[in-house]
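One chain, chain A, appears in both complexes that follow, with chain B as partner in the first and chain C in the second.
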Partner chain A sequence: MSADGFITLKQLYRKPVRTLGLILLGVILSLSIIGGTLIISGLRSGLDSLEDRLGADIMVVPVELRSKAGFNTDILQGNKGYYYVERDYLNSLYNGGIKGIGQISEQYYFATASADCCTAPMHLISYDPKTDFTIKPWIEVSYKDELKDCEIVIGYDINLEPGDVLYFFGVPCTVAARMEQTGTYLDTAVYTTQSTIEALIKNAIDNNLPAYTGTTAPSTHVSSVLINVADGYSIDEVLQAINENIDEVYAVKSKSLITNVAEGLTSVSGIISTLIIVIWILSISVMAVAFVMIVNERKKEFAIIRVTGASEKMMQKMIKKEAFIVSAVGSILGAVLGISVVSLFSESIENYLDLPFLLPSPANLLGIFILAIAAATISGSIAASFAVYRISRLDPALILQEDN
Partner chain B sequence: MTVVNEKENRKGVIYGVLVAVLGIILAAGTEFVFHGCGVHDDGNYGRCHYAQHVIVAFGILVAISALVSVFIKTKEALVAVSIITSVEAVIAILVPGIIVPLCMMETMRCNTLMRPFATIVSAIILIVSVGNLALIKFRKD
Partner chain C sequence: MILHAESVSKEYKKRRKNQKPDAALKQTDFVLEEGALTILRGASGSGKTTLLNILAGLLNPSEGHVFLDDTDIYALSDEDRSRFRNQYFGIIPQGQTLLSCLTVFENVLLPYTLYGEKVTAEIKENALSLLKRLGIDDLKDNLPSELSGGERRRVAVARALVKNPKIVLADEPTGDLDEKNTEIILNLFEEYKKNGSAVLMVTHEKDIDHYADNLYRMDTGEIFRSVSLRKRA
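== the complex of A and B ==
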């Protein structure tokens, strides 16, 4: 080991509190960079994932939902309040009364508090396998066959494996597949056919469960209708026709629903970015002041090293090395801590922000990890540059004379 | 048996108090703040309820084990305490979800709060214990 390297390590070891303080600043800097970046990229990935999975040009929902606060987010996050519309009102969508409908399929949402796994209600989404064009493409990634009666496909956040059985109102439902993670409400949903939902509701009513007495059924009611517009028609044209002709429903453009989520994401990203910049400036400033103070405190030591033959460059190298070591150690610790905290609390972050959240892939995670360490280490080294400049202005003779 | 000097003894006290505080944080935090899910509709508790009890028990065990090191004066006993708290921390990390299963839904509080909290605090206990072990091991007698 070179002489300057040896002295640097000795200095760091000799003053453990100061070294730990500087390392802690590196940890804070790196933690804020990696934590903030992961949250922002997680929200962006969640939004992309949600956009990918919308799958339909128009969503038609019961008109009561329109007056609800947070209407757009509620629809996207699946908190539909379980409003239903009678099928009879939708005849014009199917019999050509409204022109321009290319693909059409309906869904029925149902919440159960009786699954044997959870205290939270489970969201069951039933679809018609014959007409569906929004859910099937994603289910097919994990399950190629057609769902049979009492078979379910579960979202990623439900910890069950294919072949496991989940009981709803005493009806055993076999898990056919588990979907890939989306970072959206789809991760907590259970997908099944309309006939399975009918069987569950019948069983709940037969067992005299008061909450389910008078519950509607997919054979007579729907929760939403998804529409893809036919070639030659515009989305706005079809949307307007539905809203003008059917009073019981409200048609909304799927893309416009995303706008609200995107606005939420922009404001959260803005706050996080500002916080990162503020913490960055503060940490660099404190580090810079700390290094200048270290140089001032040790100027006699530097003067002695200088008169014993060390060059000015060697002393500058010592300070640079000290800054690099503490920043690198702090950055690595902060990055590990940041990734651990954000990964472990990702579900809590999603719940708290009420926005879709999907952690980056392992390759991207590694990239962010390396970049955060590099950024924090370089920042620490930059903070030391004032101290390096100060060393170059020290006059050893003057310092040693002062002391006498 | 190697009796430690006053300086080393002070370090042992700092380690003991620090890990004991972390153990109390693990136990009290899991019991009162980051607890598992509530009672099911049918009046029964979920699986996470038992995981919560085990974590609290391990938090108390860590605190007691660490406090023992405050009164220890020999190097070998300090090493033994550090190993014990390290093992307890590893088990506390493995309890939620691996040794004792949690609720099936990842969005439930046992998965979103209790497990991350227990993992992070136990990991800190593990790092401090292993660090102390390394310090004792590589210390010049």
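== the complex of A and C ==
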């Protein structure tokens, strides 16, 4: 090892409090960089996946939902409660009464409210496998080609394995597939066919289960209709036609749902970016002051090393090395801590910010990790440059004279 | 090797506005002979440390040159001059000069480790025997903060001598030492001198003049040669 490295290590090792203090600054810096970056990128990819996942141009929902405050975000967060529209009102969507309907598929939402009916309270989404174009593309691992009756697809976050069984109103349902992650309530939902829902409801009624209080069923009611516009028609055109002709429903553009969320995301990202920059500037300043103070405090020792034959350049290298070591150690610790904290609390972040949140893929995570470490380490070196300048202005002979 | 100062002088920058800049060292020629022990004495503030630092390549003279043999050391780059200092000079600065983060032994070996030289068993043995002669070998693994003032000064002496320097510059090396230790250090200087080193010792001690081959006295920035009382062997 070169001598400046040797002395640097001794300095760090024999002054543990000072060293830990400097490392802590590095930790704060890289923690804030990586934490902030992860949150921003997590929100962004959550939103992207949600946009893909909505998968339809137009979403048609019962008209009661229009007047609900915060409808746009609610519909993405799954807080919307359960509303239904009678199937009969929708005829014009199917019989050509409204022009420009390309793909169309219905969904029926259903909550199993309490534990005495089921293994656990669940949000059930049923779809029609014959027309569905928004659920099937997102099945991550499938174990069967087609869902049979009483088979379910689980959201990404549900902790079950294929072949596991969930009970709904006493009916055993087998897990057949798992969905990809969205970072939203969809990750804890259960997907199944409409005929399965029918069977569950029938069983509940037949056995007079008190937990079941519903009065609707997929055969007569619909929770939402997803529509892709046919070629040659514009989304707005079709949207307007639906809203004008069917009073019982409210048609929204999927994109506009996202836009609202995206606006929320932009403001959150802005706050986080500002915070990162403030913390960045603060920790570089504190580090810079700390390093200059350290040089001042040790200037006699530096003079002695110069007397023994070290050049000015070597002294500068020594400071740089010290700054590099503490900020590298600090930033690695901070980055590890940041990734752990964000991973552990990703669900709380999602709930707290009320925005979809998806952790980046391992490869991206590694990239962010390395970038954060590099940024924090480089910042440490920038902070040390004042001290490096200071040391190059120290005259060993004059310093040694000072305290004689 | 001969260290030779040619009409060097030093005027420090004014500390306060109205202070007239005093010449701490008036124009001086000075030769430090090899194989000789030179003693320099003089009142406090007379310019001894100033001269020593100029000779050591640590303090740029206001005027004049310092030559080590034929090399003008202030014409060298900082890097070369530093390297020179490490290679040929053993310097004991005035005051306490140990590195607090290094042990006694690490402090003593610093002239070697500074440029990443391999510290051989021989070097270690030599360092240890220096410490032993100075009576501080059992403290070799202690930190400077655990040493007395006199012990620290002896460590600084060992550090200056460990690399067998051609030029030894000692600024009051026996300042807070008892007679016995003063004598040990003077004997060490004698040995180095006999091995061909040029030794300069700045001191206030009165009764050691008989060790000196050359004796100088400084008075307000001027240097005067005194008669050496040494009986040459």
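Quick note on the criterion: the second predicted complex is superposed on the first by the 385 of 404 C-alpha atoms of A that agree within 3 Å, B and C clash if a C-alpha of one lies under 4 Å from a C-alpha of the other, contacts with A are read in each partner's own complex, and residues count from 1 in each chain.
We take it that contacts are C-beta pairs under 8 Å (C-beta built on N, C-alpha and C of every residue); 3 or more make two chains touch, one makes a residue touch a chain.
All figures in this text were calculated on a predicted structure; none of them were measured in a lab.
Student: Quick one: is A:363 in contact with chain B, with chain C, with both, or with neither? Answer first, second, both or neither.
Tutor: neither
Student: Is A:314 in contact with chain B, with chain C, with both, or with neither (first, second, both, neither)?
Tutor: It touches chain C, and chain B stays clear.
Student: According to the contact criterion defined above, which of chain B and chain C contacts more residues of chain A?
Tutor: In the superposed model, C touches more residues of chain A.
Student: Return first, second, both or neither, reflecting whether A:11 touches chain B, chain C, both chains, or no partner chain.
Tutor: So A:11 only meets chain C here.
Student: So, A:345: does it touch chain B (first), chain C (second), both, or neither?
Tutor: first
Student: Just to be sure I read the superposition right, which of the two partners does A:160 touch: chain B = first, chain C = second, or both, or neither?
Tutor: In the superposed model, A:160 contacts chain B only, not chain C.
Student: Contact-wise, after the overlay, does A:306 reach chain B, chain C, both or neither (first, second, both, neither)?
Tutor: Second partner only, chain C.
Student: Enumerate the residues of chain A that count as touching chain B in its complex and touching chain C in the other.
Tutor: None.
Student: Mind listing the chain A positions that touch chain C in their complex?
Tutor: Those residues of chain A that touch chain C are 1-3, 6-7, 10-11, 13-15, 300-301, 304-314, 395-398, 400-401, 403-404.
Student: Using the touch definition from the top, list the residues of chain C that touch chain A in their complex.
Tutor: 49, 53, 56, 58-59, 78-79, 81-83, 85-87, 89, 91, 93-95, 97-102, 106, 110-111, 113-116, 143, 159
Student: Enumerate the contact residues on chain A facing chain B in the complex.
Tutor: Within the complex, chain A contacts chain B at residues 113-114, 117-120, 122, 156-160, 187-188, 340-341, 344-345, 347-348, 350-351.
Student: Within their complex, state which residues of chain B touch chain A.
Tutor: Those in contact with chain A are residues 37-41, 46, 102-108, 111-113, 115-116, 119-120, 123.
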